[in-house]
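One chain, subunit A, appears in both complexes that follow, with subunit B as partner in the first and subunit C in the second.
And now, the complex of A and B:
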């Protein structure tokens, strides 16, 4: 795990630079594999398009044209919707909602889940108790959890955010707790404790690295699921509310006109697929990078 | 087995109890006063107080919870404030539709998952296996709603082969009913069958390396016999477990699938009761889903435990 290099003094400088953050460099190596590169470029383009949407399409997502429900053409590559709005522009603006949800909720979820999992270090009772609470969360499939939260808060961005956040807690919590339970009894941890290493440092230096890889990969997987939770809830009308577009909202609208304009759902559907493929490729690449050593 | 169940019982009961508390708390966490919104055009203090008393909202939460849960256990699911009907009749009307869909989809998962798994787990041709692996990954990665959209486009819009919206009860008219059922059931079943197939394939590859397979081979047993009698039989437990664990996901997916295909089932009821904030209906539905998911999980664990004594006697996590 933490290999202390027994090198000559001369090599120390390069060694420290290399060792600066071995975990991080291992994760970064994932993005040098073909999968990682493709996944990262798909997502990179999407994030860029989402960020630059107001610059690229200053007209906003509500600009109406004269036609309605026409198929793809040179001006409107995804076609136009029932109000004559360009579906491509709406998809790009929709990405803002999806990406803002996933890129905030998932990292937060993994972090909070890890903290919950490590709570056993404060008191064994607290750790076990929190684990039982997470067991209850597992009992609620993602969409059912979403339905509960929408029922309480009303539809919108925030309940989606909470659904993705809470739904991801159990796995991260279990992984972190697993690491805590297995490492706690190991000699080197005991030795460190006897030497007076403070508990926080003990966790960060000795326990967490054992769970970190799994949690990071799990986070990437959860991003794919997050995309699906947004789309799934929005498709049944429980997500972000129109006129704000999200990928799921566009699919919901497209579904209503599927017989008149079958091409309506294809554009947003492809964007959704690309989004989930991008995250999947990255999670695969991370998984590979983590298991390579 | 009894000891195994006795050990499992506390945590199962705790999950059920906790989810019932969550379901109970739902309307109380929501902003706004149910009594005020029901009073509608006459929100005078006296009227609101009367409604509150009628619904029992003036008593302590603990008493309310007790009343609610003992009502549930006695089969009294309560009354929908919005639709002015008993929850039992609302659910009863739609249960059939969801059961049809869930049962048909589960059968599909069983058949397709096993078939794909056995194919992928027993082929020796590299390209066949690669193709099957790729197809499998696609199945696993595509969620029910996306499959549903693709199926609608292909079989309902471009080729008008099957109806994409509405339903006919199988009991009333089997030949028409099945047409309405095919697309939603496939949409629901494809992804779980990919998961089942993948697990079965992995297990079969593992079992294939066992000594008794070598022995059978040495005895001159045909490869077909080996696959069916030795490998599949010993890997089938995994498939059963995988299917059991997928049922919860399947039910949650049914909510969306029903909505997409305009089927008037429980999922649709759940969505409409969220939209109209009809909490008495929603509470029962949510508790029902969690209950079914938990039951499936226990049954699965019991099957696993029967198959593998290490789990039955094994250490607790």
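And now, the complex of A and C:
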């Protein structure tokens, strides 16, 4: 007599995966929707281009020439800037700055914000106090916060990083605190407490998973906002300093020549648009996935 | 699902619409800046009457007329007058309040005869005592006057009657006209009220009527001016608009007819459109300066290599739009002894730069370069950085605000090589070498110090005849170019834009603007 499996082998494997890591599986399902696929494709191409920029364009982003402000051509698809540099190459290198900012500052911001939000589990006084600090941070719009930080630290990559990091703290902190406040009155939490489950384990095993969905979606939304913070601060000359390119720096330069070379801003503008659309689609897809259960 | 699909589509449509908008805006801008863009620099016909409205970025500073404060750029020479003004074309002085003068052959004294038909706006006649009062204020270090260094060479000031005076100097002072240029004559009776913007009593074509701090300066025609028939306007309103972009917008919209303080690039762009024209005034030398005590720039060959490595013509074309000169000398071309051959000393020779670096044993050095946080300065830096990289030097930017930059100059330590901005080249060489921080032999910004240099500076400042001035300046230039501590990258005028409906704006040698004989071709107000 042989054992007959009750389900097909593939289905069993999927079931096992779901059982082992249902949260991750749910997030991954976002990338099987059209929005997720397109968003991931756009960002994938951009990340690849940014990573491979030194291989694709070994001459670097500062190869100057005597031609200036010529429009798009077969050789230079975005045209050349005021110093004869290829705007497409500079846009690709600029992506490195934007992506390095967003992909480091936003996850860190979400992590720190979540910890701040959950501080109430350690001490109610500490939790409430930190929330008031976050209230103060909310009072500063991203651009104003950035201008203050640049005034203190000088322009460059690090003030932009701090602006995105600090700017993202309040929402992540509030979402985490909301989850904590909601969950702490639940019977399973009370039962765990009665059973002597330590607060750290309670947070990690029970409260955090309940806050995770909102924080992940919020993180994706903040990546879109991060793109605009970089562009906004760089457009007013407070971002990374030339000749290092970023998308915002390129737009800043392009705007100065908008009457002489109107095509200058189109290339970097499209890249900025694609970057924000990519992150927007992923945040939408994640939102849809977490709400599907 | 159905409720989500429209959001997805909406996002894509919005993206497409944004691209379309960008394209449309670009095409529209392209049409605006087409070849029909005006090259017209002429103003309309001279007409009497009307109110001219102009804008400046800084607020008035009526307590600082002797400092050539930028807040007084439009009002100072319109309300007040100097003894003489330099003729921009010839570089020689022209009388304003002074009817005539006689500089002694050794340039150690000057006799001045004042016009006898000059009255202050209060009605009081101008006398030699008013000139002496003004020159004493210039000498006073507390005033911080632009002409202080020259005025301190005055050993006696003697009025001979109401309209004649004699000045004597401790040493030859052929550059006394630089002192006169920057010393508008003040009324001793009301001088203490000037700082508050009250009783600002001058002898110019326009009367200081009122000042709203941070807002507006109102000037009205001085009807009893000695040559009132050539004053065309009835009133001048000077608006303070702090934002450079807003100044351009105000000119474009017709709210003001002229403005100073806008970025040169914006001024150039607007001037290409019909109905607007550029106005050049003053001038600056922009050197690449290096501290001669800091390695690797303590080696002369390295400094020379840097100067040979930089493509000045690209800076002229790509940063200044052609409105500049690629030169190695910091003087105006009309300066006595200006040598066009010496001005071409540092052409673009990257191979020579490499050889000099090899000779100095410097390879792959990395250093910071100080630059101001203005588009012009950072643009120049980008070309410099690129050029230096081509000869194996790695320059990193250290971007400073104007306050930080001024602080380093005041401390006499730039901290690093610098693309040095804000250097007026309006002064005669004799004045510049004794007052500009990068040239002075004592307490030099770049720590240039040697008996030979001190002697060369003294020769330039003391030379009293054109032949001596020419010889002294040539010798100074030879040393200056050989040592290569502050060789200019370019010299360029200050560019502003005006509506072609206004004419007669007269720039002074120092870049101030006299509106006294301006006119509106279509008078309003």
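One rule holds for everything that comes next: the second predicted complex is superposed on the first by the 275 of 293 C-alpha atoms of A that agree within 3 Å, B and C clash if a C-alpha of one lies under 4 Å from a C-alpha of the other, contacts with A are read in each partner's own complex, and residues count from 1 in each chain.
Please note the rule applied: a contact is a pair of C-beta atoms (placed from the backbone, for glycine too) under 8 Å apart; a residue touches a chain by one contact, two chains touch by 3 or more.
What you see is a predicted model; the values in this text were computed from it and never measured.
K.L.:
Taking the superposition on A as described, I'd like to know which of subunit B and subunit C A:237 touches: first, second, both or neither.
P.N.:
The answer is both, since A:237 touches subunit B and subunit C.
K.L.:
Would you sort A:77 into first (subunit B), second (subunit C), both or neither based on which partner it touches?
P.N.:
Neither: A:77 stays clear of subunit B and subunit C.
K.L.:
Applying the touch criterion given at the start, work out whether A:259 contacts subunit B, subunit C, both or neither, answering first, second, both or neither.
P.N.:
both
K.L.:
Scan A:132 for contacts with subunit B and subunit C and give back first, second, both or neither.
P.N.:
It touches subunit B, and subunit C stays clear.
K.L.:
Touching A:251, do we find subunit B (first), subunit C (second), both, or neither?
P.N.:
Only subunit B; A:251 stays clear of subunit C.
K.L.:
Of the two partner chains, subunit B (first) and subunit C (second), which one does A:143 touch, if any: first, second, both, or neither?
P.N.:
A:143: touches subunit B, not subunit C.
K.L.:
Looking at the overlay, what does A:204 touch: subunit B (first), subunit C (second), both, or neither?
P.N.:
A:204 sits against neither subunit B nor subunit C.
K.L.:
Looking at the overlay, what does A:34 touch: subunit B (first), subunit C (second), both, or neither?
P.N.:
So A:34 only meets subunit C here.
K.L.:
Which partner does A:48 contact after superposing on A: first (subunit B), second (subunit C), both, neither?
P.N.:
The answer is neither, since A:48 touches no partner chain.
K.L.:
Name the residues of subunit A shared by its contacts with subunit B and its contacts with subunit C.
P.N.:
Common to the two interfaces on subunit A: residues 237, 258-259, 262, 265-266, 269, 273, 277, 280.
K.L.:
Under the definition above, what is the set of subunit C residues touching subunit A in their complex?
P.N.:
Against subunit A, the touching part of subunit C is residues 4, 7-8, 11-12, 15, 18-19, 22-23, 25-27, 29-30, 32-33, 263, 265, 269, 272, 314, 317-319, 373, 375, 378-379, 381-383, 385-386, 389, 397, 399.
K.L.:
Flag every residue of subunit A that touches subunit C in the complex, lowest number first.
P.N.:
34-35, 62, 64, 66, 68, 82-84, 154-155, 237, 241-243, 256-260, 262-263, 265-266, 269-270, 273, 277, 280-281, 284, 288
K.L.:
Within their complex, state which residues of subunit B touch subunit A.
P.N.:
For subunit B paired with subunit A, touching residues are 11, 14-15, 18-19, 22, 26, 29-30, 141, 143, 145-146, 149-150, 152-153, 156-158, 164, 248-249, 251-253, 255-256, 259-260, 270-271, 274-275, 277, 279, 282, 286, 289-290, 293-294.
K.L.:
Contact residues on subunit A for subunit B in the complex?
P.N.:
132-133, 135-136, 139-144, 147-148, 150-153, 224, 228, 231-232, 235-238, 251, 255, 258-259, 262, 265-266, 269, 272-273, 276-277, 280
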